[in-house]
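Note that the chains take the letters A, B, C and D in the order they are written out, and that residue 1 is the start of every chain.
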Amino acid sequence: MLGFECDYMRGACPAVLQKLVDTNMDQTPGYGADPYCESAADRIRQACGAPDALVYFLTGGTQVNATVMYAVLRHCQGVISPVTGHINHHESGAVEATGHKVIALPGHDGKLGTQDVRKYIAAYWADENYAHIVEPGMVYITHPTELGTLYTLDELKELSAVCREYRIPLYLDGARLAYAIASDKTDITLKDIASLCDIFYIGGTKCGALFGEALVIPSPELTGNIFSVIKQRGAMLAKGRLLGAQFDTLFTDGLYERNGRNAIRTAGMLAEGLIAKGYAFSVSPQTNQLFVIMDNTRIDALRKSVSFSVWEHLDEKRSVIRLVTDWATAETDIEALLDLF
Amino acid sequence: MLGFECDYMRGACPAVLQKLVDTNMDQTPGYGADPYCESAADRIRQACGAPDALVYFLTGGTQVNATVMYAVLRHCQGVISPVTGHINHHESGAVEATGHKVIALPGHDGKLGTQDVRKYIAAYWADENYAHIVEPGMVYITHPTELGTLYTLDELKELSAVCREYRIPLYLDGARLAYAIASDKTDITLKDIASLCDIFYIGGTKCGALFGEALVIPSPELTGNIFSVIKQRGAMLAKGRLLGAQFDTLFTDGLYERNGRNAIRTAGMLAEGLIAKGYAFSVSPQTNQLFVIMDNTRIDALRKSVSFSVWEHLDEKRSVIRLVTDWATAETDIEALLDLF
Amino acid sequence: MLGFECDYMRGACPAVLQKLVDTNMDQTPGYGADPYCESAADRIRQACGAPDALVYFLTGGTQVNATVMYAVLRHCQGVISPVTGHINHHESGAVEATGHKVIALPGHDGKLGTQDVRKYIAAYWADENYAHIVEPGMVYITHPTELGTLYTLDELKELSAVCREYRIPLYLDGARLAYAIASDKTDITLKDIASLCDIFYIGGTKCGALFGEALVIPSPELTGNIFSVIKQRGAMLAKGRLLGAQFDTLFTDGLYERNGRNAIRTAGMLAEGLIAKGYAFSVSPQTNQLFVIMDNTRIDALRKSVSFSVWEHLDEKRSVIRLVTDWATAETDIEALLDLF
Amino acid sequence: MLGFECDYMRGACPAVLQKLVDTNMDQTPGYGADPYCESAADRIRQACGAPDALVYFLTGGTQVNATVMYAVLRHCQGVISPVTGHINHHESGAVEATGHKVIALPGHDGKLGTQDVRKYIAAYWADENYAHIVEPGMVYITHPTELGTLYTLDELKELSAVCREYRIPLYLDGARLAYAIASDKTDITLKDIASLCDIFYIGGTKCGALFGEALVIPSPELTGNIFSVIKQRGAMLAKGRLLGAQFDTLFTDGLYERNGRNAIRTAGMLAEGLIAKGYAFSVSPQTNQLFVIMDNTRIDALRKSVSFSVWEHLDEKRSVIRLVTDWATAETDIEALLDLF
């Protein structure tokens, strides 16, 4: 059985696992007050070019998103998200459960359009009844998006400029950030993200860590007592050092990007192979997720040998399936998969 | 430096770590729908004698507690806890953040008294203004308690009987449950807990797991859509199988109890040694936490070689320190520690 | 200055005011446990043909809506509303602040389409990841809608049938219900509403009361301890009898409908007059709100003598203004207003 | 039947009622943007000697309390209250439902002790684990207290000084404030309250208004978008002018204090009469609430002719009953009541 269902189906990349083994019997204080977390935070600050950034380690993406909304949004504020944004559709209402509206704007292949955002915010402040309406208090994007697409540097700069004009924090959900910065189709670096976004997280779970995400806040004044907030939300790991050790490893000698590049390279092979076989994509491939248009009968046959997800039903005969590569996908996996098409 | 500060200072016990290594490259579906979780849940159901129990795996204790309160309590209900209960004092208001009051009753060495509980609940229902008052909707206990003490089977039966008389669920926080069931001073088994409590969790983080807790709900009708609630609270690990693999190992061949027994045995050695040296305890030792009364000058000296926490200041000259053993504490550690007293 | 801005610009209709004066020095118990509330509830139950209905009196519409969502929705559930629904746009995020998503579906002149609702709910349950998505747990409609339009009896029956098929409560916000049931364009009675909806409120504030709304729950099993919930939300008036006395009067000798008919009659006069003068409406008038298309220059002139609200900017030259009549609007007011057009 | 159960059993004092009648047919904008609210706020600012204060009108005390906690407390903060504080016991958990813990300290005849508060706050900040504990973020007092007692000016100054030393807002719940400032046993004026407290409300419902409370925030920087927060909580009356008209009247020509004095004078007569008949009080009378110790058999007899509440059962034979006077209590009522003792 070939596994192309998601990028969180395996454990950790070898170096991360080894680090956990090597440090297993060390005794450290809890809740992130240990040398591994300190070192990992330093490496991340350096990689981001953000020497004053706050860095916290949490265990999962929904947890980070909900904690950020809860900590940063003020009462009566909501967060602007593309309709396809993870917080809008796939987190069981986690953001609303913190008391805040997700203001869903139409997406463009999963991306928010700067003009849509500007228009919405301007209209809000121009409405004479604005105090009766949820105030846009944050802008949420994913990079790469849920459709595997990437913002360009110009797009990110424009979005950031709108947010700063209106003093609204821009938050980037980087669950798959390794696959964004490693893409040959991007002109955005980690440093760009740290300078253009007000808060973001660097995904570990899907990018080679056993589990965990690194929350980065370049502008520390944005959040108050966030340590307590993380604790209160049950998002504070007692053995915080498990996360520190992993991110310390991922940000040593470029491992995080190397993990990303493997997925990009193998996804590229797969895309080429599928094109060669006459397949088309519903969204042009940019990172490690491919959205392939297929006949339903072919899909059923494929299921016998491959795990993947059906993304969307196009019509009675055809659907879109999603194939995902990751840090561990081997070229032989791609070859085996292509043989089945 | 000797570490006796807490029981979550190390990684995982060897068998658990090995299991994570062995299964690292397996590909499994996410969110607990994998064979390891299934097997672990089966073993736990069997160990609990609760064939119909729901079993979920979460990453930490505060997370479990807040999720349970949120999922089970109805609006305007609160949870009865001893004053020293973890939810009342050490979770940054996590329960209140879910909208529910912690109704703190005086503790007896960390334990709730059945008569106190009965009196409180009866008085609530006898109050003509009860609809204006927070309704007691759950009873929360820890076993062992924050003071290392243990309920007797009779005490637990009585408490359970009061709860069932008033149809209030009894919830047991078992963060250190391994150390309760392995104690030579207990007459309570895991099966007793599963039959007398309506919901409880089996602690992993402090009992030999790398991280994680197993939430057990013997009466499935108690909670509705708890899967979605766990997801919404950010308490659902994408790679749920990491938790399943660990608990599968802990509940194979009695490892969980063996982990417990090591801590109990070494704590017993330590207690005997301290008594022999003339030390007294503020609470009579029953599990793996010892609360030792010491002169402040001696405490300062001890700090140079041992990590521990100061629990309480008794007067100007004396304080209580807490020493904690765990699944990994060696007899040589105890000997080395005793030499310092 | 002529006031056509809204239907809550005046105090109470004469009979309601007189009742408050007459009963002012009576001494009654608080929180709704008084004879006026009892009598009012009885009259409402009779008018609704719902002898077992629970009836509660609250002070305002946003308060009722948020209390209902909070009391009825389970965790991880959201409420389906048309995009133009009051809860979606004009309550400062009150529903989300109770932890629940407003699932906004496109409206049809302010009304929810049964097919849209059915399609959404069916798709939810067909999604293999439904447990990660907010569950549709209530359907919210206003009648008349925010655009003054009315459901037909057939439409309401269909919507109710879908809700009951999926066991989802149908909630009707009747802030302006007097103007719905008094319209000559409706075939829906109060009894129809009580039999087809699972929960609704009868608006007082906009329909001749000094203030207050009557929440009606024909199926008492829908909510648990709603008295306590109302108290907890600060929505329980200590002098509940003020609300009871008002609704007792409104539901004596058909006053509530008479209040409605005055607004309908005067709105009809106004609509005819405007049509005669060549004006058009953005939505066909059905109740007491008229949405008139006007040149912006004419709007500015009108402002000097009339209070009204500008609803929408159509293009650079034209906008839609809203004119609202109420229980007190006099024919002479309409004549004076028409003279200004 | 004589009514001494509470001070919210009647409607409005005559002048307030007349004002509502006189202004009934005026047409004004909604949500407090009317001339009555403006005038009332001005009069209150003047009476408080607080020219920059924000003034908002809400409909009830629990609503004000919960709105203030929600608006002012930051995440992970709680509010210090005496055990007997209204928020701690009689609001169905309204504060906790906003996500915040009520930190209950022992009361002294219903009052918070400055030393208790100082000790608690100092201990919090001295605890090395403070980030895991709910932070004291507000101090809540009632004046007069639930037991009818009064802070002295010195006590209020000391409490205020502690709060300001730790930068924690001091909030005064003045549900019965008229009866505090009119007492012959007080040395605290409304201006003292406005200068020593950071936020407080002037009770209307129990002090001669038909309904409503005036929230006063002398330091406007304390709350952000509180207008929207009030709206979101359903605490914003559409016909805000009803509240404005009432408070405008209450703060014209000293009516609010006159209302208070009537209750104080008649309570004084009652206390003297009861003492003369040999009765004792469980709390020394200071305002309009008397807590009288009585034999249970006498209580049952009294019930036939008087409404009152039983406050506390002292032992098998005796209980404490509460008798409350108000702005409307007549001397003849007192005489009739005393005849029954």
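Basically, contacts are C-beta pairs under 8 Å (C-beta built on N, C-alpha and C of every residue); 3 or more make two chains touch, one makes a residue touch a chain.
Here the structure is a predicted model, which means the values were calculated and not measured.
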item	value
Set of chains whose contacts include both subunit D and subunit A	B, C
Chain pair with more C-beta contacts, B-C versus A-C	A-C
Centroid-based (C-alpha) most distant chain relative to subunit D	A
Centre-to-centre distance between subunit D and subunit C (centres being mean Cα positions), rounded to whole Å	34
Interchain centroid distance [CA atoms averaged], subunit A/subunit C, Å	42
Separation of mean Cα positions, subunit C and subunit B [Å, integer]	50
Shared interface positions of subunit A, touching two or more other chains	75-76, 91-93, 97, 131-132, 228-229, 231-232
Residues of subunit D that touch subunit B when the two form their complex	75-78, 89-93, 96-102, 129, 131-134
Residue numbers on subunit A that touch subunit D, as the complex places them	70-71, 74-76, 131-132, 135, 224-225, 227-229, 231-232
Interfacial residue positions of subunit D with respect to subunit C in the complex	1, 3, 5-6, 8-12, 17, 20-21, 23-30, 59-67, 91-94, 97, 205-206, 210-211, 228-229, 231-239, 242, 307, 328
